[in-house]
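Each structure below is given as structure tokens.
Two complexes follow with chain A in common, the first pairing it with chain B and the second with chain C.
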Partner chain A sequence: MTQQADAIIEVDGLSARYGAHTVLDGVSFRVRRGEIFVILGGSGSGKSTLLRNLVGLMRPAAGRIVLNSQDFTAMDEAERLAVRKKMGMCFQGSALLNSMTVLDNVALPLREHTRLKSSTIDIMARIKLELVGLGRFGRYYPPELSGGMRKRAGVARAMAMDPEIICYDEPSAGLDPVVAAGVDKLIRKMQQTFHLTSVVVTHELASVDLIADTVCVLHDGQVLAIGPPDEVKRSSHPYVQQFFSRQPEAEVSDNNEYIRSITQL
Partner chain B sequence: MAIQTEEDQGTWTVRVSGEVDLYSSPEMRKAVVEEVPASADVLAVDLEQVAYMDSSGVATLVEGLRESSSQNRRFVLLRPSPPVRKVLELSRLDMVFDIEEGDE
Partner chain C sequence: MLTSAAGATGRWTLKTIHAVLAVCRLVTGTFYWMIAAPLTGQGLRARSTLDHYVDYAARSLPVVALISFLIGAIMAMQSSYQLARFGAVQFVAHLVGIAALRELAPLMAAILLAGRSGSAITAEIGAMKVSEELDALEVMGINSIKFLVVPKFLAMVLALPSLTAAAMVIMIAGGFALSVTALQMDPWNYLAQTASALHIRDFATGMVKSVFFAVAICWVGVYRGFQVEGGAESVGKQTTSSVVTAIFFIILIDLVFTALFFSM
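Moving on, here comes the complex of A and B:
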């Protein structure tokens, strides 16, 4: 299959647990090189845990992740670190350090992980800020920027090491729809310009239409539907339908469980 | 990445081949910034054989340009390969450099 042939990320039977609680249960998918792969899911669907496994911040309980034909899950820490340097991560809250200028925030990964001269790093950080439209804001501190600008700065920092893969955790969270659309446009621009494989975790339906090449709908730790947006929207799965038509979840309460938990107190 | 340098009649030529990335850029920096003979009035960086260049390579070329300007030395890029051209254009720095396409 061509999709397998040019897969840059392959996830097979991935499971993750926090204690006895299973958060991901046998998740499998493939991400093609250069595409925008959107993982769509509601709160508690396991999408952030999935992202943490992908970028190596967590080790899975079962299953494997293959990056560039190398088994990421079987690597030792030194090998994993080398692979992680080729992955950019854009955190939900941007995770910028408020005590540093925007330029120094972007330069930080380069100062930490390379032996490049400070003057070279400075130019690289300026190139990255210009790419995200913040060329004039290098001297500002993160609290002096708007929410949308901080997201852009977070993208510039994720791009600092010239990654092959970039992951975004809820890139439009907390932004108004106009600013959120601007961030989506930036994600598309980065992907088109650098042929950058992009994994976007979101609960925003608007982002699916704007940026997704492939959508993967995650619910209760399982993949319910996967494919091009139009195909996924036509899925007959009740939860997928419910998600796309924004119907509220029915209140689920196990009465026996409730009574038991109260009476045992 | 491999680097070859030669000085001929006031021209310091740096031939770069292979992949210029975060880990090899410091070596290219030596050749285009640190080791340029004071007698050279032209610094030519031959990029025809470069298979890949990331933003650290571009930043290093910018440093070479800056340093050369401060020494009143001409800085020229020779025959940049398509991957080099692409990264120069992406960073919108293709207009900053003196680029020569012809034979030496």
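Moving on, here comes the complex of A and C:
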């Protein structure tokens, strides 16, 4: 019961479609305040679409998303904007604006949404950069940084408005294991320091052990298993087992089916 | 056969309606964030507008100046061959002056700016869309029309008339340079002829046109940029399309305004 009371994000029967193609089919879960919630899934499982719905970049075809006991899906644009300011998002490619310095990138949300003095904003942005270990790189432009540093800068920007919830889209994608572990450590540090609810979308098994409080396995737009990492790993579901033991997808066994699939126009 | 034709028509209609709606959103959004929002204290990105103005106007000036000068000289040469047959070489000044102000200076400046800056607008916004920067702006609650479009729009609407005015003067200078050298006309006579041929109305119509050319270049560039889907290939396609569409609209607007101005 306490789990329900603590929920900061409640997703209820969420469905999403691109045209006739259903990407998410009745996804439901709860994220407790202050935990790291890892959404694990293979390519095309719908995990990125789920995240886009969560931060309001897409409107779901059906279902509800409740943030802080407010129905996010039923809000108008002005209300959504207010909720969004309390959410941070780290994109897969970091999505820093290349036309401005790293410091200006981090300062941008503050400049747009607050009436603080420019010098105050600069100091606040520097604090956020220091927090992710990029204190000395404020004057650089994003293309001048390495992939791992850009990810960190993306985290600093997401933290700029002191959000309650932070979402990460594939934080370790395209990074070597050492740098990826560094980013995972940063995610953990942010969560511990600021009691930040974190939603992490990934396909990286290594991250699960390092950061996950709760794991949710997504496949073909449906939740297969949900719970603490140890529990999910013991799940009897064949796909979950396959995922954790890194077995490839079974080859097409039915010859007739194969012939049909390549001759059909 | 019949059903597929019906289907194609339906899809085309839907696509067109979507495109028209997108353009309407862009147009109303631009005016809202340019006029209504600053009045209600939501700010205008003045610094970014200034940066864009410098980029569009100052950095385009050398190439616009060079081409205008050469076109002025070419016009003087072409017209002198014909006018000499009637012993009317002194009218070269009239022809160059009127053609430059009414038509060629606004048109050349607009086409050059469409190629140089219209394409850059599309490529910038398209690349931002590909790298999720537009999504990042939306998640941060920053309106992309306010942030990206309005500074470009204002800068373009200020830059193109400035460039056009410069192109007018330089084009006349090109005609003047050729006439006093190759055609051995009297410099003072040439200037006096130019002054007598030109009216404020010629200048005004050229400037009015250039404002509308600027609007077309900016909106086409921005619209094409937002149309980018997928990857780098799409950025290239939309950028090409941006320049071609902008030039088409420039010519169309030119036709409409010429008809309006000189039929009255």
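Just so it is clear, the second predicted complex is superposed on the first by the 250 of 265 C-alpha atoms of A that agree within 3 Å, B and C clash if a C-alpha of one lies under 4 Å from a C-alpha of the other, contacts with A are read in each partner's own complex, and residues count from 1 in each chain.
One rule holds in what follows: a contact is a pair of C-beta atoms (placed from the backbone, for glycine too) under 8 Å apart; a residue touches a chain by one contact, two chains touch by 3 or more.
Computed from a predicted structure; not experimentally measured.
After superposition on chain A, the partners chain B and chain C are accommodated together without colliding.
Looking at the shared chain after the overlay, A:259 reaches neither chain B nor chain C. Touch criterion not met for A:206: it reaches neither chain B nor chain C.
Shared-chain residue A:194: touches chain B; no touch with chain C. Touch criterion met: A:162 reaches chain B, while chain C stays clear of it.
Of the two partner chains placed around the shared chain by superposition, chain B is the only one that A:119 touches, whereas chain C remains out of contact. Of the two partner chains placed by superposition, only chain B is touched by A:127; chain C is not. In the superposition on chain A, A:81 makes contact with chain C only, not with chain B.
For the pair chain B and chain C, the model built by superposing on chain A gives 14 Å as the shortest CA-CA distance.
Across the two superposed structures, the residue set of chain A contacted by chain B and also by chain C is 113, 161. Chain C meets chain A in the complex at residues 124, 128, 131-133, 135-142, 147. Residue ranges on chain A touching chain B, taken from their complex, read 110, 113-117, 119-121, 123-124, 127-128, 130-131, 161-162, 193-194. Note for the complex: chain A touches chain C at residues 52, 55-57, 81, 84-85, 87, 89, 91-93, 95-99, 108-109, 112-113, 157, 161. Chain B contributes residues 21-23, 25-26, 29, 54-56, 58-60, 62-63, 90-93 to its touches with chain A in the complex.
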